[in-house]
């Protein structure tokens, strides 16, 4: 039932995503309980041109 | 004013999305009240390579 | 697998929420496919003091 | 630490997004406090074919 | 139509929220266009015990 | 910069949340890279009366 949403810069490989969802699911089950099968993880790649910190887009930082 | 967000696997046709937003809006108004015009529905297609259950990406399931 | 998030003004009764999640799930399955058991609906009650349209909080409208 | 998510119709230029994230960050800091550097803004472009009001997709409105 | 979600530490006063939603709405309209009436802002207060950076809850920081 | 949102049934203790955010942050950094300090985790407790699977609220399941 738990739902984990991840927003991160685009660019991770398929293998990194594969390892990420596995590790997040394990992290949840180990610390908060429940079964792995009940955990959903939804990833969202965000372009640097759509993400700002300090009022400046990531795509404008050097 | 109500906002309904839907995350689902990519692949629905335009006609399915058209029917979906209509049906969700009707479902809300009929059961929770308000006017259809106040209801917003925002869809998000998620690739199977970005969605995991049980720690495994949908794209890795057979 | 589909996830439906609903944000609405607080104040619906338990019976309205019960009917709402049933109706939304049926609406999804009928138009977009899948099994009811795969559909998750997560409700969030929002106070009028936390929701604005036109730059004005709902709690400030008469 | 504050996180601001914006969903809007696709089509804004890079310059509009640049100005938008700056203006939102300033708006937050001026009224709610904190430092600009702590504010994150994440934009999401939504196609008209994924956004409905009144049960009708934006792409079906004339 | 634009939807702005804000997550921030709990503790802002009603007046701060009132000013915040007004300022965010103005910021959006001025830079990205549209009418103020079309802009929705939804606030969410998050307790320090539900927000972590660097793997440490805000409630554990001194 | 990465943002991790977790929705789960209410009821975890402070110690479980403390361990959860630490484990999720480590899981992210180990598999997807970046520094722990850049990772934010936001938890949301959801009551069983606000969460449905198969069209039935968690609070109605026995």
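Letters are used for the chains, namely A, B, C, D, E and F, taken in the order the chains are written, and counting of residues starts over at 1 for each.
The rule we apply is simple: contacts are C-beta pairs under 8 Å (C-beta built on N, C-alpha and C of every residue); 3 or more make two chains touch, one makes a residue touch a chain.
Predicted model, so just to flag it, every value in this text is computed and none were measured.
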Chain pair showing more contacts of the two, D-E and C-E: D-E
Centroid-based (C-alpha) most distant chain relative to chain E: B
Chain located farthest away, centre of chain C as origin (C-alpha): A
Centroid spacing, where centroids are CA-atom means, of chain A and chain D in whole angstrom: 20
Centre-of-Cα separation between chain E and chain B, whole angstrom: 25
Inter-centroid spacing, chain C versus chain B (mean Cα positions, whole Å): 12
Multi-partner residues of chain A (at least 2 other chains): 1, 3, 7, 17, 22, 24, 26, 40, 42, 51, 53
Category of the chain touch graph - line, ring, star, complete, other: other
Chain pairs in mutual contact under the definition given at the outset: A-B, A-C, A-D, A-F, B-C, B-D, B-E, C-E, C-F, D-E, D-F, E-F
Chain E residues touching chain C - in the complex, by the definition given at the top: 14, 17-18, 21-22, 24-26, 36-37, 39-45
Chain A to chain F touching residues, read off their complex: 1-9, 12, 16-17, 19-20, 22-24, 26-28, 30-33, 51, 53, 58
Contact footprint of chain D on chain F as seen in their complex: 1, 3, 40, 42
Interface residues, chain A side, partner chain D - complex: 7, 46, 49-57, 59-60
